[in-house]
Structures are given as C-alpha cells and as structure tokens.
Amino acid sequence: MIGKVIRSVKITLPNPIGTTNPLMANSTSLPTIAPEVFPQQAPANGMFISLGPQHPSTHGVLRVAITTDGEVVTSAQPDIGYLHRATEKLAEKRTYPQIIVLTDRLDYLAAMTNNWSYCLAVEKLLGVAIPERADYLRIIVGELQRIASHCVFLGTYGIDIGAFTPFLIAFGRERERIIDLFEEICGARLTYNYIRIGGVMADSPDGWETKVSKFVKEMYGRIDEYDTLLTYNPIFMDRTKNVGKMSQEMAVAWGITGPNLRATGFKADVRKDDPYGLFSKMKFDIPVGKQGDCWERYWVRIQEMRESLKIIEQALAAMQPGETMGKIPKTFRVPAGEGYGHLEAPRGDLGFYIVSDSSPSPYRMHIRAPSFINLQVLQVLLKDWKVSDVIAILGSIDIVLGEVDR
Amino acid sequence: MTTQELLTSIQAKFPGLQEIPKVQGQVRGDELYVAVPADQLVELCRFLRFDPPLSFDFLSFVTSTDWKTHFEVVYYLVSTLHKHKLVLKVKVEDRAKPEVPSIATLWPTADWQEREIFDLMGIRFAGHYNMRRILLPDDWEGYPLRKDYVAKPDRYD
Amino acid sequence: MLELGPLLSRAFQALQSWVILHGVPPLAAWILAKAIQVGVLVLLVSLVPMVLVYAERKVAGFMQARLGPMNVGPYGIFQTLADGVKLIFKEDIIPVGSDRLMHIMAPMVVVSPVFVCFAPVPFGKGLIPIDLDISVLFIFAISGISTIGVLMAGWGSGNKFSMLGGLRGAAQLVSYEIPRVLSVVPVLMVYGTLSLKSIAMGQVGLWHGFLPKWFIFYPFIGQLAFVIFLIASVAETNRTPFDIPEAESELVAGFHTEFSGLKFALLFLAEYAYVFLSSAMAVALFFGGGDGFTLGGWIPSWFWFLGKTFAIVFLFLWFRWTFPRLRVDQLMQFCWKFLLPWSIVNVGLTGLMILLRK
Amino acid sequence: MERTLPTLIFACMAILLIGLSLIVVTARSVFRGAVALTAALGVVAALFALLGADFVAASQLLIYVGGIMIIMLFVIMLSQRPLDHLDRQTNEQWVWGAFFALAISCALIMQFRAVYRGVFVTTVATPTTASIGRLLLGDMVVPFEAVSLVLLAALVGAVYFGLDGKDRT
C-alpha cells in the first residue's frame, strides 16, 4: 500500500458522460436506497457512538449518531438543528434589501454566492436588468469566493485526514488574500453584503483589478503546491481513494449537487445548464470524477479552483468601466407572484424560492440549501464503511452547518 | 420539451390535471406550473420520474406556503437529461390536520425536506418512514412558519 | 578540551572524597553520588521536552507560512515555560464515572519509565550515567511499560473515545515494537554487544579515510535498518502519520482526552521525551554516537551527539507536519506486511554479510 | 554491608510481590487486577535483575509486561466496562483456594528452607547474554526449537478459531 507511490502523476479522468443520461430513463424500478429508521438501541454485539455535537471533525454543531457492528457502521443518522436561526421566518418580517444580510449568515464560508443567489431570485421577480460591469464584478467575486471556500474545504479536509499543514497554507495564506481583496471592495471580511438587488454595492477601488489578476497568476502555482502537499500524497490517497463511493443514480436521487455530484462523473453545473449572469459568455470546463469516492470529491474541488481562475481571468479581461448599480429605488415593492433563482454555489445548487404578495417583504422565502440536501445522503453513504472512514466521508461532503440549519 | 408539450404529455396520462393559470399582474417563472390533487400525487410523480420522455429524475426542492386559508406544497422538478422543469403544487385545504402523501420513496432527497416542512409548517407526509421534527426540538409547540404562529418569549427574550 | 565527561567525573570524585573526609560513611556517600546523578538526569530529561515543544512549534510555524510563538520572550523562547506554569496551575479534573485510581496512576506509569530509559544512553565520552551490558534490550523493555500507562489512561477516563484511543494505542505499540526491535538486531550482530556505549564506540573511525564507520553506511542493511527503526519509532511515539491513538479528528484526543493540568503535562512530557530517546538511540546505533568523523578533535563528543540527535528529532517534526494520518487497518498492514518481513530479511542479510566476512 | 543491602532489597521486593499478588486475586475490578499482575511481573523482573540475571530480567519485562499483559489488558478493555469495578467478583471456592494456596506455599517454604539455609542474596555482575545465547543455540537447540514449534501451532490454532465461520475453509 505504501509501496505504490503515485507522485505528481496527473491523472486525467475521461468524461464518461456524453449526452446520454446515465439514469436509465426507461427503467421503472425504484431506487433501492430508501433509508431505514434509525434504531433506538445499539445492536446486540455493536456499539452506539454519538459523534458530536462537540467533536473536532463535524465542522460545526452536527451530531451523527452511529451504530456499529464491530468496526463497521450499520446505521448513521445525522442530527441537525443546533444552529437553527429561522432565517426563512425572519425574512418574512424584513424588507427585501434587509434580507441580504440574513443570507450572509447561511453559508458563512461563501457569503458572496448567497447574496448573489438571493438577488437573482428578487431580480427575477422585479424583472430588472443589471449593468454589465456589475455582472462581471459578481462573477469575479463569486469565483473568488468559490476558491476561498474550496481552500477552507482543502484545509479542513486535510485536518480530518490528519495533515495539519494544508489548513494553515490554504486557509491562512491564500484564503486570507482573497478575504483581503473582499475587504478592499466591500469593507467586510466574512459577511459581505456586497451583491445587492440590481447590481453590486460599490465599484471596485483603484488597482483592485490588477491585484486580483496578480493573485490569479500566483494562485495557479499555489494549487500545484496543494497537489504535491496533499492531493497526490500516497497516505492521503490511501485514506480517501475508493472510500465512500457514491453512484450517479444515488447522487441524483438524493438531490446531491455541486462537486459531490460531479465527482460521480455527472456533468451538471448550474453555470452551464441554466446560465445566470454572464456565464454563458465564459469558457470553462466542468471537472468530473469517475466513481464518486472521497478522493474524487476532493480532486474535483481542486480542479474547480483552476477553472474558477480561468473564469476570473476572462471576466477581468472583458470588464469595461461603467455603472455598477441598476435603476432601483431605495424602497420598492416587489410585484406579487413567485420566483426561483438559483446558482452554482461552492457547495452546490443554491436557490431561493420567493413568494411575494406585493408587500415590502416576501410572503414566503424558501432556501434550497445544498449543504442541507447533501448532508442527508450520509444516512446511506456511511453504511458499511469503517468507523475511521466516517470522518473521511463526512469531511468530503463539505457541509456548512450555518446553511444546513439556516 | 416545451412547457406545452410537457403539459400535453402529462394530460395524456392524467386528463384531470390542469396548468395553474398565470394571474394577471403577477410575476412567475417560465416553468410549467401544474396543480395536483393530493390523492394523485404519488401516481403522477411515479409517472414523471420514470416516463422516458419526461424522466424528471431530480427533485430540486420541496417547500410549502401558508396561504392563511390553505397550505400549498410546492415540488420543483428538473430533468437532468432533457433539462426541462416542472413545478407541482398541491393544495391542502384541511388546516387542522394537513396531510400530503410522501414521495420520499421516489426521490430520497425529499426525506429531510418533507421532515423540515412537517417541522416548520406542520404538514404531515403520509407514508414517510420517519416523520419527526428535524430542526426544532422534539417538544417544540406549534409550527413556526405558519402565518398564525405566535412566538412565545422564552427565557432568552 | 571541552569534553564534559572527564571534567564531571573528576569533580564528582573530588566531591565524594571531600564528603568521606568529613565523616560521612562511604555507603551514604555512594548513595548521595547516585542521587546527584539521578537528579541531573531527571532534570535534563524534563528540560528536553520543553526545548522540543518550542522546536516543534517553530518548525511547524515555518512549514505553515507563519511565525509560531513570538510573544513570550525574544522569539517566544519562554513560551513553553509559560505553558508549563499554566498547566501546573490548571484545575485537575477527574471525570465522574471514571476509574479514579487508574486515572491518577496512568500519567505516572507513562512518564516514569522514560527517566529510567535514559540511564544507559551514551551522551558523549564519559557521559554515560550507567553502562549496562544489555542497554539496548533494557531500553526496549522499560519503554514497553509506558504502553500499560496508555491502556490505563484509556480505561481510567471512562470515555469511549479514550477507550478506543487506548485500545488502538496498545495494538499499535505492541505491533510496532516487533519491527523496531528486529531492526536493531543487525546492529547487535555486527558489533556483537548489547551495550549502547560499546556499539557507539565500535563506530569510531573512517573507511578509506573519508567515510565514517557508522552503521548507516553499511551498504543496504544499514539504511534499511535505520529506515525501519525510524518508522517504527515514529509509530512508537504516537506521532503523525501514526498518531492514531490520539487522532484529534476522530477520537478528540484519544487516550489523553480527559486529562488536564499537570497530568496532561506529564503525558505530553513522556511523548517528547520518547521522541528524544528514540533519536538518541538512533544516533548511538546508526550514527556513531558522539563520533565526529574528521572534525572530531575540535568539537566535543557530547555536542556531536546532541547535534545529531536534534537532526533526527527534526525528522520527527518534519513527518508530523507534512503527512496525513493512516487508517488503523492500513497502519497494521504496513507493520505486519511491510516492516516486519523486511526487518527479518535484513537480519538474514546481515548474517550473510558476517559469514562472508569470515 | 554488601550482604545486607541486597538482602534488604530482596525482602522489600518479596513483600511487594506478595502484596501485589494478593491484589490480583482480591481486586474487584478485573482491570485493576490485571494491572496489579503486570506490576507483580515487573517486580519479578526486578528480582531477576537483583540476582544478576540481567538478560532474563529484561526479557521478562519485554515479553510479559510489554507483550502478554498488554494483550490481556486489551482483551479486558474490549470485554468490560469502566464501572465494572463496582461489581463484586464472587468466587464461592475462595476458602478452598486460599487453603490450598497456603498449604502449597508452606510446603515450598519448608522445602526451600532446608536447601537455602544461610544463603544470602548476592548480585553477580557478569553479563549473561552471550552464555544464554550459546546455551539456546548449542546444547538446548532441540528443546528451543520444539518450544517454538508448539507456539507456532498454538498461533495457527488461535487464528483458526478467531476466524468467522464463513472464512474457515
């Protein structure tokens, strides 16, 4: 196992998906993956382990109740709600622009895309067009946010597997620079509130674009560094390859989106399938895996960072000076009706479904939170894996509890 | 498939189903909106899921709205193959004991989403294997997302 | 010139004769002398972890693009001291539902063998506390007692994570003990002794006038033995990539989850003292002990010994901050299917070499 | 002087050993009993060392304390729970057990008193490793190998019984 050292051999995974759907469209059988009710008691010769809510590897206040038979997990039930803040209810009491602040607190590692997704939904209801420069700025900050978010994933996943250094390299060096860039453009480092209904909060300050392009150029080399440090590390590959495999059928049925879905080889990306903003003009690939194991979920994210850099470069090149805010009055009423806006957040398909009754605040707002929906697959995904793989699988799903509990 | 074609192929199998007409002056997405009675839901979903020209294999989200007089459960379906979308709406008139059949066996992703609706809106999903509260504590009283919910101040308020 | 050994022994003899002159019985003087020796050794062994903790933090800092401790003293050199003071004054918590006696005894059982293990280590010319004939075996035997302490800690905490950590620790330590001992056997065969001092002395000199006669420079067997010894030592000291007993992402902190204050400090001290001990053993066994090949005359042997030891300690730190952690079954497979066969092959090869030489 | 100090140490160790052995049989917690047994084996190693058998002492520690006892503790940890020491370990035969143990020890003491009367503990400081090695691979090589064969057979048997029914072929 240590013997087969694979170092700096770039594995190119062929895309198994062409235009045909892997799900047999004419199959009439039900997916045989209905979960079982979690047993209230541990099995006779097994053990009951309560992982969390205070545990270093649950990435927040998540509890996973696990029963085991020896070393093998027989059932797992994630227990959530420790961080529930009733965002959907709060939104019913706030005006539309005020809700952007709430969305910052959902996936706090990717607040930009949360803002954006919400604004997409409201703009759909309002039917406003936003200025081109604002759209480019959105793409730049959105993709920077994706890189920052994946940097956190990389670091924390490294810690889950036992490598401490990638965390401080990716989290403390690269993400820090992205956050500095965000601070410069909007003044905040975590909860940005930058993307507003009708545009963005402010134009980029002088020299910001050159800083971004400088960062992008350096970041290519940094990602190569992650490859040598973690991605192709034989121990890391031993721990994550062929662990927690998820089939395409299973992933789609469970509503998995984002890198977790793409790791199964399924070429699905909202940026391509349902282009929003100016993504239809951008040229980029969708990296996909083959068998959907932990390593490929990780690898897809690393590749995505490279693609994001390409998108940022294109957006920087195409961006022209101009307005950054559409013609939106300070206070407005949204016409009655309903709208659904969604986009490709770092963790998957993030959508806002808003029902309006032409009052200043939404009548009902539902958040399609990718972390929440991706998390439930753990009920079946953890089964039959060893207890030590639980951490590897849990980490590779990459959830943010702020979004799970909302 | 365009929305019109979708509608005709659904109506060919379920003649009673109607598209929800767009109210004048209201905004709405360009998806097809179909009203479904609760008793036909599972059958329709099975058809939508497995019929080759439709093959709605991806349930994007399930949610619900409290319209004060009635509840509405919304299903947002996407076909990853044909890229068409469909919104199903189930009207639940009985406010005292709202119940909708569960579709978690067709799309397992509905598992927690239905539990969340039960938790926050109080709509039961008949046939769900594990209909318990998910976000709120098990002893929570009331369903917060209902419009007539009155927040009781607790010791932190 | 700067050799400490002769100086110390002369001072020691002077002290002893002075005490006897003033009417102290010889036995009491002898006990006093031993007590001073033990005191110095214990003090040194307790100080070494403090240095190592500081080194670990700084090395980690530089590997992780940050500075490490900087506030307490210049470049944060007093950080460990401050930590020690903090740990001493921390509340000592014994969890409810634990086995109190085991919980209290565990850190002592873990830490006390370390001090004994340093007794036969040749720190330099004349700087060997006790020259035992079986010192290699002695160190392996005594350090095995610490494993009992790990088990007691895991059991005594009354915590599932601690228990799992203790179990994993025991399985790992017992397994890796075997290739570790076997990897040393070639050295013993070549030098025909179990005494660390004699082994270190046997490596003094040069081959062809430039290559030191250290065991590591024996073709193939030397390197293989050293690699196996190093890997097994990393596993024995529970450090990454073999830190499964205390895997923080899985078991919170493994067997020392429930320890706080001074007890935690003791467990910590034992870990770093074992790192130092393993490095010192590696130096004595494979790197000629205090032998400083061509520059030997200029720099004292104890300096050479410590320098080499810290170089190997750096390897330990380097591993820790670059590797992820293995899984339990992978760890066991690695031991039984890779390390053990190769260490046995190495013993055979060494025997062949000795036969051919004759 | 040279005669009394080792004898004194020997006496202390013997008392310690007896005390630890009593703990082994009377401790309520199986785990504590096993830990006391470990300590007792360690004291035995110390006795060997005192008598100049340095190699045997180290082997005793390495094999019994560092190997066998760890496996025993391991098994206890797998099969017991931490609060089991509150249960009473009852053994209805303890009276007879104590009687026979006392009888046997009295007989042994009587016998050894006759042989070792007037013999004091002396520490021999000659290394024994080489002579043990020569003995094991010289005169005693056949019994030595026979013993290792028996151990191998035991190991194979243990693996066989450890396998699940379906893995046995």
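Note that the chains are named A, B, C and D in the order they appear, and that numbering of residues resets to 1 at the start of each chain.
By definition in this document, contacts are C-beta pairs under 8 Å (C-beta built on N, C-alpha and C of every residue); 3 or more make two chains touch, one makes a residue touch a chain.
Because the structure is a prediction, the values reported are computed rather than measured.
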Co-neighbours of chain D and chain C - touch as defined: none
From the centre of chain C, which chain's CA centre is farthest? B
When A-C is set beside A-B, which has more C-beta pairs in contact? A-B
Taking each chain's mean CA coordinate, chain A and chain C are separated, in whole Å, by 45
Between the Cα centroids of chain A and chain D the separation in whole angstrom comes to 60
Taking each chain's centre as the mean of its CA atoms, chain A sits from chain B at a distance in Å of 25
Taking each chain's centre as the mean position of its Cα atoms, how many Å separate chain B from chain D? 71
Touch-based graph of the chains, sorted into line, ring, star, complete or other: line
Chain pairs that touch, by label, are A-B, A-C, C-D
Help me check something: in the complex, which residues belonging to chain C touch chain D? 27, 97-99, 101-102, 105, 132-134, 137-138, 140-142, 144-145, 147-148, 151-152, 154-158, 163, 166-167, 170-171, 173-174, 177, 181, 194
Residue positions on chain A within touch of chain B in the complex are 20-21, 23, 25-28, 30-31, 33-38, 80-81, 84, 86, 88-89, 124-125, 127, 252-256, 266, 268, 273-274, 335-340, 342, 349, 351, 353, 355-356, 363-364, 366, 368, 372-373, 375-377, 379-380, 405-406
Please output the residues of chain D touching chain C within their complex, sorted ascending. 1, 5, 29, 31-32, 35, 38, 42, 45, 54-55, 57-62, 65-67, 69-71, 73-74, 77-78, 82-83, 85, 127, 129
List of chain B residues in touch with chain A within their complex: 23, 25-29, 31, 50, 52, 55, 57-61, 63, 65-66, 74, 76, 80-81, 83, 104-109, 111-113, 116, 120, 129-130, 133-137, 144-145
Contact residues on chain A for chain C in the complex? 1-3, 47, 49, 55-57, 158-165, 168-169, 172-173, 229-230, 233, 235-236, 238-239, 386-389, 391, 395
